[in-house]
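Shared chain: chain A. Partners: chain B in the first complex, chain C in the second.
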Partner chain A sequence: MNVTVDRTRIARFAEGGFLPAGLLLAWYLLTKYHLIDPHSYPSPSDVLNGFLAVWKDGSFTENLLISIVRVCRGFLAGASFGYLLGILIGLSKTADKLISPLFNAVRQVPIPAFAPLLVLVSIGEPSRVLFIAIGACYPVALNTVEGIRCVKREYHEVSEVFRFGKLKRFLKIVLPSSFPSTLTGLRIGLSVSWLLVVAAEIFMSSGGGIGDMMWGCREMSRNDLVIVCIVTIALVGFTMNILMKMLERVFSSWRVTLKNAR
Partner chain B sequence: MLSPDKNKISTLFLGLLVPLFLLIAMELVGTSEFLPSQIIVPPHRIFAMLVDLLSTGELLTHLRYSIVRVLGGFAIGSGTGFVLGVLMALFPRIERVLAPLLIALNQVPIFGWVPFLMILFGIEEQFKIVFISLAAFFPMLLNTFEGIHGVPRTYLEVARTFEFNHVKLMRKVLFPAALPSIFTGIKLSLGISWMSVIGAELIASSEGIGYLIVWGRQLFQMDIVYVGIITVGTTGYVMYKGLEALEGSLMKWHRKNS
Partner chain C sequence: MSNTGALEIRNVRKTYPGKERDVHVLENINLSIKPGEFVSIIGLSGCGKTTLLRHIVGLESEYEGDILLDGKRLNGPSLDRGIVFQDHRLFPWLTVEKNIALGIVGKSEKEKKEIVDSHIELVGLKGFEKSYPYQLSGGMSQRAAIARALVNQPKILLLDEPLGALDALTRMYMHNELERIWEKEKITMIMVTHDVEEALYLSDKIVVMSAKPGRIQKVLNVSLPRPRDRAGHDFADMKEQVLEEFMLHTEHHFSYAI
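Let's look at the complex of A and B:
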């Protein structure tokens, strides 16, 4: 029984690994026999050596850390602003009518378009952080509004029965039951932030960071290092997403147990 | 009868209140030279620039470049994404072979591809189209796949009982059931394409709305930058609304025909 399960799993793994392995092999062979220009297309071992070199001289870790600190700053700033905005719009109909039209209008502008404006407002780190924060704010705000509006009517009824005051209702009912939705917004916001940190480091370069390093390597035609940077960026984004999904699962199971307890 | 109308008017009024206030504040601050006018431009100057760029036809020329690019990249990327999504949902073997590679590639944030694509395709039109296609590809692929994969099994059993052939199964069961998800894919994909075309034009271009914005910045003409930003936002919104309208009428048409 177990053996067959394992076998299908192995077969599946082999099927999925077939294409990536084939591509890697093709890359290796093409570069080994110099079938493509070795200058623009580095070989797998070039990439590995390039990675080891930047790892040893510390520039890799340094730039990666800069990007991670930057994304944390932008994300925290944007997410907390978005959270407050979402609570405000979700709770108050007047605030909704006042703010939502402007919010939705500004939201239509793709974030990259803000880059030239931000450069003029402030040169350097604040403009990059603000750029990221704008992107992080939208999904958090939208999902928080959604979460607050979807709080179950029964919960409100219960709070009425218990004569909860406004503050207590907000803290004990609205915030906890809308939090899983906010968390979805936070996950999307974090992945948008990671996308934007790379964009910010390209549009507003020369502040260090993995995107800046990648851009510099392209200008110096160090294509092996460009590939190292792309893989790193992908891995960091992937890890962030997995962590946020784990967090989401913890909180949604908490929601299910609440439901069952009822 | 009267109260809903009144309600609408008060909603509209409240919605305009904050933007109006901001515009007046910008006008006052901008004309008083309290802050450097390079940052806060009085709205009347932005409006004058908008009229100016419209009347010389410059704005529309740049807009046309961007729209042609976005439509080209979007068509290629979302078309490929749609076809692959359908194939992967219908044939588990294709899914098993392609999924791991595609999932890995999808981990790269779209701007992470820029230097690599520049190495492969240079900085001209080809690079931009490939870049936009890549951006449009993944959301379309994922949503098409999810849509068709998520069609309830009972539908398929009904189709089997009626002995539908492949084409009929596709047209009568799978496609209508997956339509909402496919449209989500189209909307997401066009939105990301629009963002990418602006990004690509900021990086390397000599025409297009993204270029107009950069150019304005280089001249320190903030009114041009604002006109560019407003144009980008409005165009994106119009495209999105257009797709929503199309979705609505397609759904209606489907309901009528089935």
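Let's look at the complex of A and C:
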């Protein structure tokens, strides 16, 4: 059984690789035969050389680490807040009535629109972290509310029959039952955070990080390095998503669905 | 704990409010069940059997009439009544043993462990303590649900088609298991079933219900000695009697329709 799983995984991986490989080849050919302006469009080997240079002088790793730490902070802050908010709204009708309208209105504001305000509040790292946190909070809160509302009535009846108190019902039924939904929110929240860390570093620059590095390179017209940054951003985001999906699988293995059965 | 648990149902009537018109589910339900009796409720699908059990367990609070347990009117669910739902309702995120343990109230961890172990033994699920509900067969899930319903030593155990999903052979095996548990625990059992033989094999009393609105059509006492012989003469006679209830019922309906 494991063998077949592995085989389909490899097959899917290979299938997913066709398009990038094709694009890479096209890019290589376009630059090799000077079909596009070599100054603004560096070739694959330029990019590789650029990467090796920034790798050797340590600036690549340094900036990448800065971004990852930053995203973790923003995500943890935003996700925790979102989780608590989601629980509050999910459990209490009063909280729902009081908070939800405001929450849903604020949610419509694109996160970058908060940047000018955040800069007023604080300059430097806190504002960047807060920027990310805002984005991470929404999906976690929304999915937690949804998860809590979708706890089956049947399970509530069981807890009634066994005379569970409020706390026991919350800890033993509501939380575990809604957790898969929260995890989906966490996965989306982490992707959003990673998108936002780049934006934060561009809007609120000079704090280092991969986005800052990319913006700097753009200003110095080092398009080879800009591409290095773009590819890195894509790969890190991709890996994060895979890790979160694995986590989701582990924590919702009890949910036998078509998705899990794959 | 003393094994009292005399149940008295008097003039119970239930309607669910509906958008167009109310759904009249139970009408004039009168039934008394002695402590330690095994009672089966049998009737066509949709006649209100589950609804009646929900009333007895205390999940329905708005109804007319009285349901008395040991002379006291019911007031919501209580640990002296356990229920095995039609869909077993185990918590899918917990293992069998944790599902069973979750229901235990007011015991130390050590006592809990002992209760869980003895109940797993009782329903024959040894070796599956650490399994999740999705890893169990339908019958095993029902058995786990039975164990969970018994952990607080209820006076009354309600079973809603506990064997509905099983094949005939496993069913017969489970009949013996249920009888064994009933004899060992000495509690009142009220079981909903569609299976006349099952009802006859297990019950002291069979309650035949008719539909729309659900009422009690007949209460038959089964005084055959135990263990019962499914192939016996008296058993076959009783079976005829029960089946007749349904024939008469359909005939009545038929002439009514004309």
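Convention: the second predicted complex is superposed on the first by the 226 of 262 C-alpha atoms of A that agree within 3 Å, B and C clash if a C-alpha of one lies under 4 Å from a C-alpha of the other, contacts with A are read in each partner's own complex, and residues count from 1 in each chain.
Just so we're on the same page, a residue touches a chain if its C-beta (ideal position, glycine included) is under 8 Å from a C-beta of that chain, and two chains touch if they have at least 3 such contacts.
Because the structure is a prediction, the values reported are computed rather than measured.
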(request) Evaluate whether chain B and chain C can sit on chain A together after superposition, giving fit or clash. (result) fit
(message) Is A:Arg12 touching anything from chain B or chain C once the two structures are fitted on A? First, second, both or neither.
(response) first
(request) Applying the touch criterion given at the start, work out whether A:Pro126 contacts chain B, chain C, both or neither, answering first, second, both or neither. (result) neither
(request) Applying the touch criterion given at the start, work out whether A:Ile227 contacts chain B, chain C, both or neither, answering first, second, both or neither. (result) first
(request) Quick one: classify A:Arg163 as touching chain B (first), chain C (second), both or neither. (result) second
(message) Is A:Glu154 touching anything from chain B or chain C once the two structures are fitted on A? First, second, both or neither.
(response) second
(message) Counting residues of chain A touched by each partner, does chain B or chain C come out ahead?
(response) B
(message) With both complexes superposed on chain A, which partner does A:Lys172 reach: first (chain B), second (chain C), both or neither?
(response) second
(message) In the superposition on the shared chain, how near does any CA atom of chain B get to one of chain C? Answer in angstrom.
(response) 14
(request) Find the residues of chain A that appear in the contact set with chain B and again in the contact set with chain C. (result) none
(message) For a test of understanding, state which residues of chain C touch chain A in their complex under the given definition.
(response) 57-59, 76-79, 81-83, 85, 87, 89, 91-94, 102-103, 105, 132-134, 152
(request) Please give the residue numbers of chain A that touch chain B in the complex, ascending. (result) 12, 15-20, 23, 40, 94, 97-102, 105-106, 108-117, 119-121, 191, 194-195, 198-199, 202-203, 211, 214-215, 217-218, 223, 226-227, 229-230, 233-235, 237-238
(request) Could you please specify the touching residues of chain B with respect to chain A in the complex? (result) 10-11, 14-19, 22, 38-39, 93, 96-101, 104, 107-116, 118-119, 191, 194-195, 198-199, 202-203, 210, 213-214, 216-217, 220, 222, 225-226, 228-229, 232-234, 236-237, 240
(request) Quick one: which bits of chain A touch chain C in the complex? Just the residue numbers, please. (result) 154-155, 157-158, 160-163, 172-173, 176-177, 179, 253-256
